[in-house]
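Quick notes on the structure that follows.
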Amino acid sequence: MTRAAIGVGMVGYAFMGRAHSQAWRNVGRFFDVPAEPRLAAICGRDEAATQAAADRLGWAAAELDWRRLVERDDVDIVDVCTPGDTHAAIAVAALEAGKHVLCEKPLANTLDEAEAMAAAAAAAPAARTMVAFNYRRVPAVALIRSLVAEGRLGEIRHVRARYLQDWPLDPEFPLLWRFDREQAGTGAIGDLASHIVDLAQHLAGRPIAEVTALTETFIRERPLPSGDGRGPVTVDDAALFLARLEGGAVATFEVSRLAPGHRNGLWIELNGSRGSVTFDLERLNEIELYEAGAGAPAEGFRRTLVTEPEHPYAGAWWPPGHILGWEHTFVHEVRDLLDAIGSGAPAEPDFASGLQVQRVLDAVVRSARTRRWETTAPDGAQPREGSVQ
Amino acid sequence: MTRAAIGVGMVGYAFMGRAHSQAWRNVGRFFDVPAEPRLAAICGRDEAATQAAADRLGWAAAELDWRRLVERDDVDIVDVCTPGDTHAAIAVAALEAGKHVLCEKPLANTLDEAEAMAAAAAAAPAARTMVAFNYRRVPAVALIRSLVAEGRLGEIRHVRARYLQDWPLDPEFPLLWRFDREQAGTGAIGDLASHIVDLAQHLAGRPIAEVTALTETFIRERPLPSGDGRGPVTVDDAALFLARLEGGAVATFEVSRLAPGHRNGLWIELNGSRGSVTFDLERLNEIELYEAGAGAPAEGFRRTLVTEPEHPYAGAWWPPGHILGWEHTFVHEVRDLLDAIGSGAPAEPDFASGLQVQRVLDAVVRSARTRRWETTAPDGAQPREGSVQ
Amino acid sequence: MTRAAIGVGMVGYAFMGRAHSQAWRNVGRFFDVPAEPRLAAICGRDEAATQAAADRLGWAAAELDWRRLVERDDVDIVDVCTPGDTHAAIAVAALEAGKHVLCEKPLANTLDEAEAMAAAAAAAPAARTMVAFNYRRVPAVALIRSLVAEGRLGEIRHVRARYLQDWPLDPEFPLLWRFDREQAGTGAIGDLASHIVDLAQHLAGRPIAEVTALTETFIRERPLPSGDGRGPVTVDDAALFLARLEGGAVATFEVSRLAPGHRNGLWIELNGSRGSVTFDLERLNEIELYEAGAGAPAEGFRRTLVTEPEHPYAGAWWPPGHILGWEHTFVHEVRDLLDAIGSGAPAEPDFASGLQVQRVLDAVVRSARTRRWETTAPDGAQPREGSVQ
Amino acid sequence: MTRAAIGVGMVGYAFMGRAHSQAWRNVGRFFDVPAEPRLAAICGRDEAATQAAADRLGWAAAELDWRRLVERDDVDIVDVCTPGDTHAAIAVAALEAGKHVLCEKPLANTLDEAEAMAAAAAAAPAARTMVAFNYRRVPAVALIRSLVAEGRLGEIRHVRARYLQDWPLDPEFPLLWRFDREQAGTGAIGDLASHIVDLAQHLAGRPIAEVTALTETFIRERPLPSGDGRGPVTVDDAALFLARLEGGAVATFEVSRLAPGHRNGLWIELNGSRGSVTFDLERLNEIELYEAGAGAPAEGFRRTLVTEPEHPYAGAWWPPGHILGWEHTFVHEVRDLLDAIGSGAPAEPDFASGLQVQRVLDAVVRSARTRRWETTAPDGAQPREGSVQ
């Protein structure tokens, strides 16, 4: 292969680090990317663990300080896979060092941090930024986006989305950092709602203008990981919100970590003036599409396996009916980032998009506290009056 | 048959009248009711049409004034199948005349009327009243109620319910009375939300305490039935609301008449501390039940066909696997009313229950206007403050 | 109502008798039949039980000898709901008495009896005969038939059908008459295979030409109903067969009474040169239809709820999305019989059709014994040679 | 990493070659294999194409003659991904050279070749052989195998399996080598039936003893790839067969390339004396399990997402609910082969198992020609007589 190489440095090597590594290693095997990623260095705090991760995941070097990784000459792209409270510092430094940045979601734990990151991105126009909302890269989701964009559903009126999980259902599940507001910012909101807010806006093609929300913490204390007694859960287990999108569509959102039987239950439906479509992450190779008036006298929701050569991303893989898995979304993600770097076109969703999602999450948190509708507008502009009724 | 007879008089003979007639005619063929219903008289305003309905639907006599029907000696039960704006007058008169009353949902178009009806019921303790929330009588729904009551799902934390239809999707569908606030009170709220509010409260076993809502009218004018131009739609096409139930569960609700592909899409899910369950009216013979910890290493949602002899109502019909239809809910409904009349026990849901649903709907309408959380409490008590976040 | 009346006499009052009674009582409420059925007399052997059934099911008189029922002047239609070993005698007598005959399936226990019945029908051209293959009258099935007839699936190449149940899964389930060859003729073959053979031929529009089969009895003895020990099961628990249809389609069939979890699992799929369709009796309001080339880039199986006004039978009932149950098939069946009587057109499937199904079942039984392909042709004509391979 | 390395040489680089390469490259990233595979050399006939494949797929060297690849010192495992007519020569040579062999399915085009391969394997006891029936390595399939082995379904009575595709539905699809008996041996039989025969026997834990079959070629000629007219299709488009397994279970099998809407429709169900289970390759992360008597009063088929840490293979990948794709089966396959090589235990399915599948396919082909039941026994022993009926 005579393709140019491009150096990648990754910070973090847990769940997301493993998934991103798999993507960087494999993307060039399946896609004609403009430059072949070189896994230059991985960064962690524990020397032995970081070196072991480098070996296992295929990185050429191990760093113990992200500042050094950011400065490496052989690193062109910094991939941020750490918890949210460190995103801003790493990403801003990387942008200032002239690197491209891929950052895990949510963009940051606070709106201030997210704004700083978006500002740093704006100040570095030669750098491509991308927030890792990987579910945009499910072929089925990308197909839905194209169907909506073509007008196959007409004007979008309803969006309903939920992301339900059940991993900490057992009240004896320990009080990890994910249950601590200091470290995690929020609970299901940042972890789960960020995904469906991004998807809803992306698929409907419109931003959310305002929300009304409630949050709940059902299990209010959990055993300390140390085993010494119990501590308080200071984040939300669940969040529910209604929203109005620019242009008039209305939406319901629900996220919970305590929905038994839902392992990874991201589900979304859109209803337009001419049709409807649904997507379920646990069956991520499928969509169900309804087009009003099509197919009489046997109208109905049509289950499509999104594995055809003409479907987004799918042609690079296997023949029709040979399904992809969750991890492939990351391959598609880094493919798109490499393409953007190669072409100079903006990557999507970039930090500005990530900031917009953050504004929605912030409005959700505020609304749960104020018990009022809250706008997502940066200047706190008053939301418009309600409609009929 | 030596069973006693009990006379029924029905007001209205359209969609609901046809369904109720089928129930009155058939209940004694399948259930050992304490008294055999006699279809004494049906009431309408048009003489020829009413007589034709009497013949077609099997009623012994036709009346043109509901006051006369209410006074008939051979009528013990008055069955109110008219539009909502006439419920109160008929039901109150029937109660005052000492009759039992079955009333279609929603109980009334306004909260005042519903309160008057509940008061009349309270003042007639010998009369049984029932609101026709027939979906409680789906065997699958009744099974869910018993599973929840037995604690199979643990403490209920989440309810999510929606009722989606698409019959007036075409903007050229005419401006029927259902789109007029004067006659219909509300749109999807009274027609659809009343059902899922009742189901949610019934299945969770807890009333809704407060709501935040939005409503929308997407198609703001429609052709007049006369063909002479267009007129305004003055009710909601859709309503979305969040709720808190007494005891701490949270809920999302959504109703719409403009959800393409959903012909009769009532769907509800409950998540408890130990399990989850779902129901879909378009597959009304089924439930999907998840019980945490059951069946390892093959946990999952279990699809049950609710047609076993030990399932509610099902034993009276056919062998397992021989499914029932929508209309059977009415047979079960009148069976339960006849049983209550026979035993003197309260019927459920009675007018007091119907009033409570009405309070929720009223809070939804208010919240959509005020853009604030609204309580369902009769005295307008302030809702409690929000929780964490 | 000024409709003419037509007298019905029914022999048998068990499961099928209950279902037929419901149909006769209700058909005139929903369909504009040319004559209103009058439930003249029901016939059984036990006086008290027969009278109780008459009362419960709505029959005007009770008879204890089917010969008397057949001779009654007020009986125009004889409805045979008895076990298979008595079908021939009753039906032939009824035809000789000039009555129309509706006969439960399978037409008879033996091919000889079936031939005698078809001959009697041919000798009584003024009488309408119908075999109660009620699943033809599921609206979804009727819709499939019309789609195939219109060529929407192209040339039919594959049929696969199964009918699985599990009611006698417990080896302690008693040795009812259904397990005895003398009384029942066969086991799953007559009870279950008869239905799917009829459906397959009806939907494909072609008769089965030849079969190769195996049968099995997994539970070879069961407790005697008397409680005194155990006796042998002398019929099949399961039957599997391959078939070729006239015109070249190929088919697989499977029936079993020992398929755990399948309460009433009749399922059929057809593949044509242009599309495919499936039907599942446990979700009898639905079909899944695939049309090649339709809907790109989102092709797939389309789930249709067969409850639209334009769907077969459905318009007589309720609005779209309000599903029907198993029992409605019998209402449609007697509607179609009454229409045929009224118009003088042949009823379908008539005794000649029932005889053809019987020939297929007989070939299945023979093939299971001879271990060879067996023809369904009446003269034992040799089947043609195999194709490629 | 201090793991030992083991050299792999692969023959062929088309569809299967791409999938195997992905497996060899990735297995060590996710599984603790005893030796790290080194992608030593790939072999093809066209120099440029082979070198391009080596680059793209990550192989260190390119060979143009499989005999040279087999002789390479740095090759310990020969991976045969060529069409079936070359399997025997390559595999036998590799075994004689002391290499381990992974061979794509079906083992060979003829029974003679398969026997030669099994004999060569038996003569090389130090070599591990494996036939690439990769669907055994779907976690859901492996879970089913363990459930059956534990007796959760009781004694297996019924197996029904089908593998339906539709890629050459268009009669203008060209006459590839897959439609030519000389090169492909058979059509759907070798390509599709081989998979479900292996799965059926593996899951039931019993070999197939005898079959009765029919085959069909619906589209009897197709355009030549050259564009110069049309040529005959000399293999089967579809095959249907019934089978008896050792121990008494009965089975139906169906494969077709002309089943519209089925892109990769491998589906299998087992019914035992205590339960049932189904699997669908298009939703390969799921099983549906029914256990009789479990969960009353809400028995039913339970959909399990086979992504839990305790599920076969799944723990090496991602958290629960993060689904795997089709390609992961190959990673599991080479993991198991590497484990077998490391431990010296037999690999499964080895060439002896592959030969047994071949015997079944051969009996299918014979039965379609003779129109009789054919045994799978190597000595042509007569099948036993039929059972009851």
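Going by the order they are written in, the chains are A, B, C and D; count residues from 1 in each one.
One rule holds for everything that comes next: a residue touches a chain if its C-beta (ideal position, glycine included) is under 8 Å from a C-beta of that chain, and two chains touch if they have at least 3 such contacts.
Treat the numbers as computed from the prediction; the structure is a model and nothing was measured.
Chain pairs B-D and A-B differ in how many C-beta pairs are in contact, and the one with more is A-B. Each chain's centre was taken as the mean of its CA atoms, and the one lying most distant from chain B is D. Per-chain Cα centroids separate chain A from chain B by 40 Å.
Mean C-alpha positions place chain B and chain D at a centre distance of 54 Å.
Residue positions of chain A with contacts to 2 or more other chains are 262, 291, 299-301, 305. Chain C makes touch with chain D in their complex at residues 153, 157-158, 160, 162, 164, 166, 169, 186, 189, 212-218, 234-236, 238-242, 244, 248, 250-252, 254, 256, 258-262, 271-276, 290-292, 299-301, 365, 368-373, 383, 385-389.
Interface residues of chain A facing chain D in the complex, by the touch rule stated above, are 1, 15, 19, 21-22, 25-26, 29, 55-58, 165, 167, 262-265, 281-285, 305, 307, 317-328.
Contact residues on chain D toward chain B in their complex (touch as defined above): 143, 147, 287, 289, 291, 294-305, 308, 310-311.
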